[in-house]
Amino acid sequence: MMHQTILSGSPTVSDDRDVHLRLDGLTKTYGNSVAVSALDLSVPKGELVALLGPSGCGKTTTLRMVAGLIQPTGGRIVVGSNDITAMPTYRRDMGLVFQSYALFPHMTVAKNVAFGLEMRSVPKAEIERRVKEALAMVRLEALAERKPRELSGGQQQRVALARALVIRPSILLLDEPLSNLDAKLRDEMRNEIRDIQQSLGITAVFVTHDQVEALSMCDKVVVMRAGKLEQVGTPIDVYEHPATPFVASFVGRTNRLEGRARGDGTVDVGPMSVRVPGRPGGNVEIMVRPHRIRLLDADAAQGASGEGTNLLSGRLTRVTFVGDLLQYQVDVGGTEIVVEAASDHGRGIRSVGSPVALAWRVEDTMVFGRSA
Amino acid sequence: MTAITASAPPAAPRLALGRTGTAIALLLPIALINAIGFILPVLNLLRMSFNEALAGGGVRETVTFENWTGLFGDSFYVELILNSITVSLSITLATLVVSYPIALYLHRSTGRWRTFLTVLVISPLLTSAVVRTYGWIALLADQGPIVSGIAALGFAPPRLMFNTTGVIIGLTEILMPYMILSLLAGFGRLDPRVEEAAMSLGAPPIKTFWRVILPLTVPGIALGCLLCFVLAVSSFITPKLLGGGRVFLLATEIYDQAIVTLNWPLAATLSMLVLIIFGAALAVYARILRAID
Amino acid sequence: MEADNTSVPMKILVALLFIFLLAPVILVVPLSFSGEQILSFPPESWSLRWYAALADNPKMISAFWTSLLLGAIVTAISLAVAIPAAYVIVRMRTLGSSFLYNLFTAPLLLPTIVLGLAILIVFASIGFLGTFPGLIIGHLVITLPYALRVLATTLGNLNLACEEAASTLGARPITVFRRVTLPMMAPGIVAATALCFLVSFDEVVITLFLTGPRLTTLPVELFHHVESRADPLVASVSVLLILLTLAVVMIVDRSVGLSKTFVK
Amino acid sequence: MTMMKRRTALLGISALAFAASMPAFAQEKTVTLAAYSGIFQDHYTKAVVEPFMKAHPDIKVQFYGMPNSAQMLGTLRAQKASPQIDVMIMDVSVAKAATDEGLFDKVDESVSKHVADLYPAARAEGVGGVGVTFDNLVLLYNEDQVKTAPTSWNALWDKQYAGKVAIPAVPDIQGTTLTIIANKMAGEEDYKKTVEPGIKKLGELAPNVQTWDPRPDVYTPIANGQAALGIGWNARAQVYSDAAGSKLGVALPEEGSGFQINTINLVKNSPANDAAKTFIDYALSPEAQAAFTEAMFYAPTNSKAQEKISKEALARTAAGSMDDMIGIDWIAVAGIRDAITEQWRRRVIPLSR
């Protein structure tokens, strides 16, 4: 397992021996607009990789190019040692699970699952056995003779998964498979997909705009923006060591401050001075995650002060109760900073307007260079 | 910032350029039928309107504007054209008046009742115009139930058949389903809550109708009127059977010139005239739609 | 449910207008049981003689079979031609497909009297008048646009992902079309079939220009009959036709829903 | 591939069905006869066509009824490239026009030996066909509404019957005949010189007219009272007036009437030419002529038919009233027919609106 920070610009993550799917400078343009721009990516065998990014970032286009549903404008797609860039979809041997499930409405569940096997001219008896197996895997044996429209969203989702897996594809592709499910079902399916993927040891690419899905399920997260790679890394890397301000703000919530670094490990943000790791210089952007900040009473602040801690004082402007969390908005010399704390039976809620102090460890401060 | 793609990139062409040949092959049959049965005949018709008609149904290939100048220089044809337009407009107006209440009622109905009424509206459409005209012949005859009924009430029995009145009655009924369906299509904007809002603001039903309902249904009215006008101008079965040989309309004249007199250049010219009237109606329609927006 | 915010006078008005709309169609039912020699309503005596007369009228019967056969052939060709055309036009957007769509549906915009005359003049010169192939082409000119319109709409509303799913599962394009696209188009195909058949079966204006002494369709024969005789025979034919139409409508309604087909 | 196969199969089925439907038309032995529809069709089928088919089991005659001669000519012209009609029974003046356009073959002794026996009037110069029936125009009236039988065409102009007159307008030949009669009533004997007085007189008739296009024919509306007066052909009027309970009265006005000749013609390049000739030969035979006269009161054109016809029937035909006929040169009328039609459409019919 690699836990080191992967710097942007060197996205290859593992030994080439293990690489199962490789994208080389993959590009897709529509007229003047660039959907995917010179994308390089390697996916090791057996890993579940998430393509994460806001809508329109090119992640679905990338997935569809891998599936052969969109012809790339440039670059190569390599599976194992085969260049499949020009290969038609139906010969690529990839299982694709669609956001809309795309079940064949005129076929029963069993027929849907059997379709890919029929296309491969698998003997009838074997089709029957494997369909049963696949449906058992997603716990839908009882519904084999139903039509898709008679199933719930979660059941349809599992049929789509069984249909994609029954052909034993070399690579499983999932296009926002959970976005049409409600929150509770989404959690369940997340674990189910992860379990199945691991037990089969199948290489999988998972497209999502939901950072929780990406972080919780995947071996590796590929953050994309405007058709380009921002960062590739393990979930922890991406969260803890975002390579760019975009990654930092897209993956998890963050406070974002602009300032000027003195080159001595401190940054001036307005009238305040904030200590940061290392000794950057010039214009910088500072980010601190809300839950890393402690909110203290103004008079208790003195005790919290220390070498490795940033301490600022401000005024509480708003308190929001969101169930498991309390969100505080604090005005620090004209800058809004958000602080999150676990709520404890609603106890200890401070009143708006009271003077407070904010404290966080210097190592929790993320610094990014900023062009003037 | 330009590098950020739109949220929905244009969908990819489903067939690669290499399959253009397949596409052309698949389109060939429809293109062929369209060419033989539509483009060629219509172009030929346009050409025909500049040919010279010879006695006995002959046609001389030439380029003459005599058919056109003759048409507008002849009071008989000028009157026929004006009469066609007036009669078609009357039919359109009559159809609108009798269709509007049905459409409004249908729009307000829901569920099975609405389905049932819709089937009632559509069913005449599935019955041949010949059959429906035949029904009107039985109904409008001098001894028929309508004339006798009016006479029984002590009025002078009117003449409802073999004249323009008969043609208007028959065609109004025949075009009703088209009008009702068009009105319904255009009623999409009419939310019942708007009426309720108007009433809650103190508008009595009549005022609500004039100030709220009618303006909102103008698109449907325009569409229905366009369709009915065009169908009326080109209708021919009903005027032929109910007109008593005295209702001269463009469509019946085209048929007579084409089949009986065999003056094809004149028939072609009259047809082109129908298309011109059609184009004018479309222009008026587009204007109305623009005016509403 | 019945609209409840409608006043009683309005309801009466609507009922009267419905009677006006349906009168001629309903009227042919009692007329067909007339015992009279000539068309009159109400008839003074009742009988089945006009049904017997119909059974005895070989011209009417042969015109009926001609119409039926013509309708079946025209419908079959319309589907065979319009399905691939709709597929290419909807799925392939690089060839100016909206232009093609408009061109191929343009015959619907033309008044049938003009279209009929135009076809007459061309067909007369190539000896296509009064022939079966001539009739087929004449009818195709108007059924194809209907078929194309219905099928293209159906295809445009299909979930493209299903076809993509099939191809990722290993189906070749032709298999995708046959196993997935075509079955999913079924409601549109049923609607197009019914529409093409009814349009062809009822077409009278264009057909009037194209039929001849040796070949007549039922609507044209009915027109000629109404033109030259005033007996209740047409009523008995009409009743049978209405029953036939009802059967077709019921089949369509069962399979796809009537309003979907005819109300857009 | 499968799709292609299916489509091919579909086309195959269509072609098969198409082929199956053709023999009935393709067979050389079917003669298509175009003539007047309605009552003419009924009686001619019974009196001539059916006995012919019985005598010639190998030939089938298909009767194609049309409302008037003008439409028959139109159909014939449109089909010039590939005729589908073999034999056409139509008015002599229209037949003249058709002959001039080269649409008919000559019917002479080589077609039928009976041609030699025809009355001279049946063998008009410049007409391809020969006369098959003689008839004349009569005044029709409804016996309930017109109590005393009218004796003059002037009854049509009687304001008493406003909106109750049924006139089959031109291009129907009955309208043409009425023009010539009206012309004479207005004082102009020579219709070849001008029909202006006749057109003027018809303009005065127009307001009285209920319909210019009586349906299904002119006799029915008068018989059932929809109209009170009208003009029609004697033969058909006689048949209608014989029908049980008919209120149709037939009068031959004192001013005299127009004589009319229907000719039987052989269509040039028709598909069943030989069988058509066989049929024409039969139609001109004394037997067929006599049978049709008995059935429908058309005067025969074959001089040898007379002896086979009952006196009573013959008296009711045009042959019974030859002395009252205005001499009409139908061949000359053929030349002014279109002009008369135009005058009606512009100056007569519009006055009735």
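Of note:
Chains here go by letter, A, B, C and D, matching the order in which they are written, and residues are numbered from 1 within each.
Simple rule for what comes next: contacts are C-beta pairs under 8 Å (C-beta built on N, C-alpha and C of every residue); 3 or more make two chains touch, one makes a residue touch a chain.
Everything quoted here is computed from the prediction, not taken from an experiment.
The fewest steps needed to get from subunit A to subunit D, moving only between touching chains, is 2. Of all chains, the one whose CA centroid is most distant from that of subunit D is A. Of all the chains shown, the one with its CA centroid nearest the global CA centroid is C.
Averaged C-alpha coordinates give centres for subunit A and subunit B that are 58 Å from one another.
Inter-chain centre distance (subunit B to subunit D, centres taken as mean C-alpha positions): 37 Å.
Centre-to-centre separation of subunit B and subunit C, using mean CA positions: 18 Å. Shared interface positions of subunit B, defined as residues touching 2 or more other chains, are 137, 141, 143, 241, 259.
The multi-chain contact residues of subunit D, meaning those touching 2 or more other chains, are 75, 78, 215, 224. For subunit A, the set of residues that touch two or more other chains comprises 69.
On the subunit D side of its complex with subunit B, the touching residues are 70-71, 73-75, 77-78, 97, 100-101, 163, 169, 171, 209-213, 215, 224-226, 338, 345-346, 349-350, 352-353.
The residues of subunit C lying in touch with subunit D in their complex are 37-38, 40, 62, 66, 69, 72-73, 76-77, 80, 120, 124-127, 129-130, 132-133, 136, 174, 177-178, 212-215, 224, 226-231. Across the interface of their complex, subunit C is touched by residues 1-3, 7, 10-11, 13-14, 17-18, 21-22, 24-25, 30, 32, 34, 37-38, 62, 64-65, 67, 75, 78-82, 84-85, 215-217, 220, 224, 243 of subunit D.
Across the complex, subunit B meets subunit C through its residues 11, 13-15, 17, 20, 23, 26-27, 29-31, 33-34, 36-38, 40-42, 44-45, 48, 98-99, 101-102, 105, 108-111, 113, 115, 117-139, 141, 143-145, 173, 176-177, 181, 184-185, 192, 195, 205, 230-231, 233-237, 240-241, 251, 254-255, 258-259, 264, 267-268, 271, 274-275, 278.
Within the complex, the subunit B residues that touch subunit D are 55-58, 76, 79, 137, 141-143, 159, 162-164, 241, 243-246, 248, 259-262.
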